[in-house]
Amino acid sequence: MSQTPTTALSRYTETDVYYRDRNLVKDILAPGKNADFVSVAVWHMLGREISDGERNVLNAVLITMMEHGFTPSAIATRSIYMSAPENLQGAVAAGLLAVGSSFVGTVENNARLLDRIVKAAPEDREALAAEIVDDHRSRKAPLPGFGHHLHKPVDPRALRLLEIAGENGLDGEHCAALRLLSRVLDEKRGKPTTINATGATAALLGEMGIPVELMRGFSVLGRTAGLIAHIAEEQQRPSGRFIWQLVDDAIPYEADDGGEKKR
Amino acid sequence: MSQTPTTALSRYTETDVYYRDRNLVKDILAPGKNADFVSVAVWHMLGREISDGERNVLNAVLITMMEHGFTPSAIATRSIYMSAPENLQGAVAAGLLAVGSSFVGTVENNARLLDRIVKAAPEDREALAAEIVDDHRSRKAPLPGFGHHLHKPVDPRALRLLEIAGENGLDGEHCAALRLLSRVLDEKRGKPTTINATGATAALLGEMGIPVELMRGFSVLGRTAGLIAHIAEEQQRPSGRFIWQLVDDAIPYEADDGGEKKR
Amino acid sequence: MSQTPTTALSRYTETDVYYRDRNLVKDILAPGKNADFVSVAVWHMLGREISDGERNVLNAVLITMMEHGFTPSAIATRSIYMSAPENLQGAVAAGLLAVGSSFVGTVENNARLLDRIVKAAPEDREALAAEIVDDHRSRKAPLPGFGHHLHKPVDPRALRLLEIAGENGLDGEHCAALRLLSRVLDEKRGKPTTINATGATAALLGEMGIPVELMRGFSVLGRTAGLIAHIAEEQQRPSGRFIWQLVDDAIPYEADDGGEKKR
Amino acid sequence: MSQTPTTALSRYTETDVYYRDRNLVKDILAPGKNADFVSVAVWHMLGREISDGERNVLNAVLITMMEHGFTPSAIATRSIYMSAPENLQGAVAAGLLAVGSSFVGTVENNARLLDRIVKAAPEDREALAAEIVDDHRSRKAPLPGFGHHLHKPVDPRALRLLEIAGENGLDGEHCAALRLLSRVLDEKRGKPTTINATGATAALLGEMGIPVELMRGFSVLGRTAGLIAHIAEEQQRPSGRFIWQLVDDAIPYEADDGGEKKR
């Protein structure tokens, strides 16, 4: 059998519960501490205390990830909630499954590019950025972290997230790498492309040393809150049946042979 | 077609994004505000500002829901992460699907009992509590919100959550109803039964006027953070393959006819 | 520790794989047998061989459950597939989460009614059916298994499923109980209400002695095939982005105070 | 707005339901036809009739995918079922989320290799196979479709699936490409490596012209049946609580600093 793994996340006795090396009740939830969910959650994930500046930046990232309107994710959550309201967790789970390559996955792809630039010697970074931009342009591939279908020329959320990093002492090499990519991209295209919210998120999480393969977790956590808000609204202003009828009416039948439309 | 529903959750323009009636960048994430994810998320869900006391209590509830060790939920998340590490969101979704009737559902069942007691005239509450306890005992049904397989005679988390409610001015009628049920249950059984963490959670969320059918959302949000911590640990100390082999080795084959065990 | 459970589902050696007591390769997939997935799957689930008649009926049930057009289930699957096409299983999982109380759950609720009638003495069944119908009508609750928003006065699928039961020697007491409920309901309402496909499914699965709590599994299996067909079509005729824009455009913003619509 | 998509999957009227261009009740479920779920489902997915030989091969593939014992997939399903037995669909969905890159994804990766070989001129195939094998060996990457942790030197399922292809007139270029890869791999390693069941599945689905990106759907469909069997057994012989305790007891606490084990 493979070696026995261990866990540092929690243990319990008859009288006490520990999260990592802290007593949940006596340390974390101790009187006067007013423990903060985000701080405790990220300490629990990363195994290290986060600074006040990191907490501010993480709060901003989570808030930005929370809500994006009637996206595929929210549509899935509302459709499932309408079908199985006894099963709130299923509706959230369905919506979370949208946190994949088409949208949020670009955080990780951008973060990998930033990592490459940060790991290069300072004098080589400009050339590396140029190489990355050329490579994407020659493949007509979108550069992860840049561009937005609506917010042109500027995604206001990305701009603000980078400011917040600066206000909290976290405007370091990853943010610089993102701005370098941005400048090189603009020069080569001859016109500006916005840094989007996923690009800014990649830079900010990179500043905190969060592993690339864990970054998606922060999108998932922020989005979970937003999907619960959609369910709360669905309980008051149900939209699931409307969406069903709207979609069913809007997409006509057409036989595979492209023949007559029968409905 | 059914009437068109509306949404109050968000809207956007080319230059701005709004959450409810607030500008995400200029209001919520404005300089100096250090916006707090929990406060913004719950405001977004409920459509009303929460007080400082409510924020403290909600943080405590979310932190308590976050981690419970190698539960079925965490086992599912780790098993799925091992199978499809490219889909972190799928591993979280799998674990969230455990937030159902066997464990977390008791929050809602307890909350409904507390609601009944709170809605009764004060002079009728003791009799109603007795009726509720008798009904469950006669059916040999566990009273939701009471009892714990490990933490006897006291679940330290429940005790602390109720204290936190008191420290933050939220020890009201729902907490009183929970204590009333507890006293009546102990008297009728002739021995103490612990109030558990789901019972305390039901009382605290009830104090804030959170609808019973939305309460599960707070368990889901807290648990999401915990499952991400399990994934973060799985990335460092993989357990999925160990769990697979452990379980496969431990459960022997036995034919339906109860015949010889063949492995 | 609780007692060690056992499994009768499968075992394996270095050279052989067994499903229950049969060798997968040498027995089930043996030359000339042309093993049938539905027969093997249901034998595997139930632990008993199914008859030719049962196989025909189960095939008809699974085919009927497979496709229902652009339902909330299919909309969820397509929305998730668009967001995470690398994760086909996530798109299917999202759509399956719709197999809940609002639609498919009525199979189980109807099946429980049929079970009650079948377990009654023959001379008491008419009165019991009347009691069940009166109870639902007095609560203004829909009678599970009856009524359809579109197919009036007759759901052609239900009619055909019951015929198929007859053609295959499975038109027994559960089908009779369903027809009894139908007759009593029509008499009391003074006009006909269709037996719907979930009602017929409940009767047919009941005839085979399939436990009520497992019945939903057959809806899930049939629906899985349909959702894969939706994904196959989404690969050729993508609709996810269209649905997103359609829904987002159709649901206007309206502040909680019912104030001016801002978009 | 993007162009309106169309659907060829289904349409309905007040009196009739159509799957593609066929009337569900009058054509597909017509008397004497004894419609077969697998045939109808695959016709529905692919938009073309399948031959008897294809049906036999698909049945064999689906049956082989169905059951693999107490895998991470089955463990997740059983853990979730224990937690939320009211949501059978959630337990299936959780288990399906395991159908990802670590196991089933190798079907697609192998299929892409076979496609490359089949598309090459016959005289170039041996060299291409050598190039593919060398490339994987130089990267120490496992060759998708080959090797099995238990079944050595031969995976009996793979062997049988390829035989079934031959018995049904489907042993064509994709099967030949798989055997070519196998021979080259054995020569270069100097010892035999088994073709595994995912490799054989890739070849068989390739013979039918099923698109690579849809192949995972067949694993999902087969596995769905297997997970329902696990739930059926869980209803009779519950294992969820046992698995929980087993895993929780087996994985000790160890602080991040590698310090003393505290439990």
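Note that the chains take the letters A, B, C and D in the order they are written out, and that residue 1 is the start of every chain.
Note that a contact is a pair of C-beta atoms (placed from the backbone, for glycine too) under 8 Å apart; a residue touches a chain by one contact, two chains touch by 3 or more.
Computed from a prediction, not measured in an experiment: that's the story for all the values here.
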## Note on the structure
Between A-D and C-D, more C-beta pairs in contact link C-D
### Task
Superimpose the Cα trace of subunit A on the Cα trace of subunit B, which carries the same sequence, then give the rotation angle to the nearest 5°.
180
#### Entry: Centre-of-Cα separation between subunit D and subunit C, whole angstrom
23
#### Entry: Geometric centre distance via CA averages, subunit C-subunit A, whole Å
36
### Message
Distance between subunit A and subunit D based on Cα centroids, please, to the nearest Å.
### Response
30
#### Entry: Multi-chain contact sites of subunit A, meaning residues that touch two or more partners
4-8, 10-11, 69-70, 84-87, 89-90, 93-94, 97-100, 239, 242, 246, 250-251
### Message
If every chain is a node and each touching pair gets an edge, what shape is that graph: line, ring, star, complete or other?
### Response
complete
### Query
subunit C touches which residues of subunit A in the complex?
69-73, 75-76, 79-80, 82-87, 90-91, 93-94, 97-103, 105, 239-240, 242-244, 246-248, 250-251
### Query
Can you list the subunit D residues touching subunit C in their complex?
1-12, 14-17, 19, 24-25, 28-29, 31, 34-38, 40-41, 44-46, 56, 58-60, 62-64, 66-70, 85, 87-90, 92-94, 96-100, 150-152, 154, 156-157, 159-161, 163-164, 167, 211, 213-214, 216-217, 220-222, 224-226, 228-233, 235, 237-239, 241-242, 245-246, 249
### Message
For the complex, give me every residue of subunit D touching subunit A.
### Response
4-8, 10-11, 20-21, 47, 84, 86-87, 89-90, 93, 250-256, 261-263
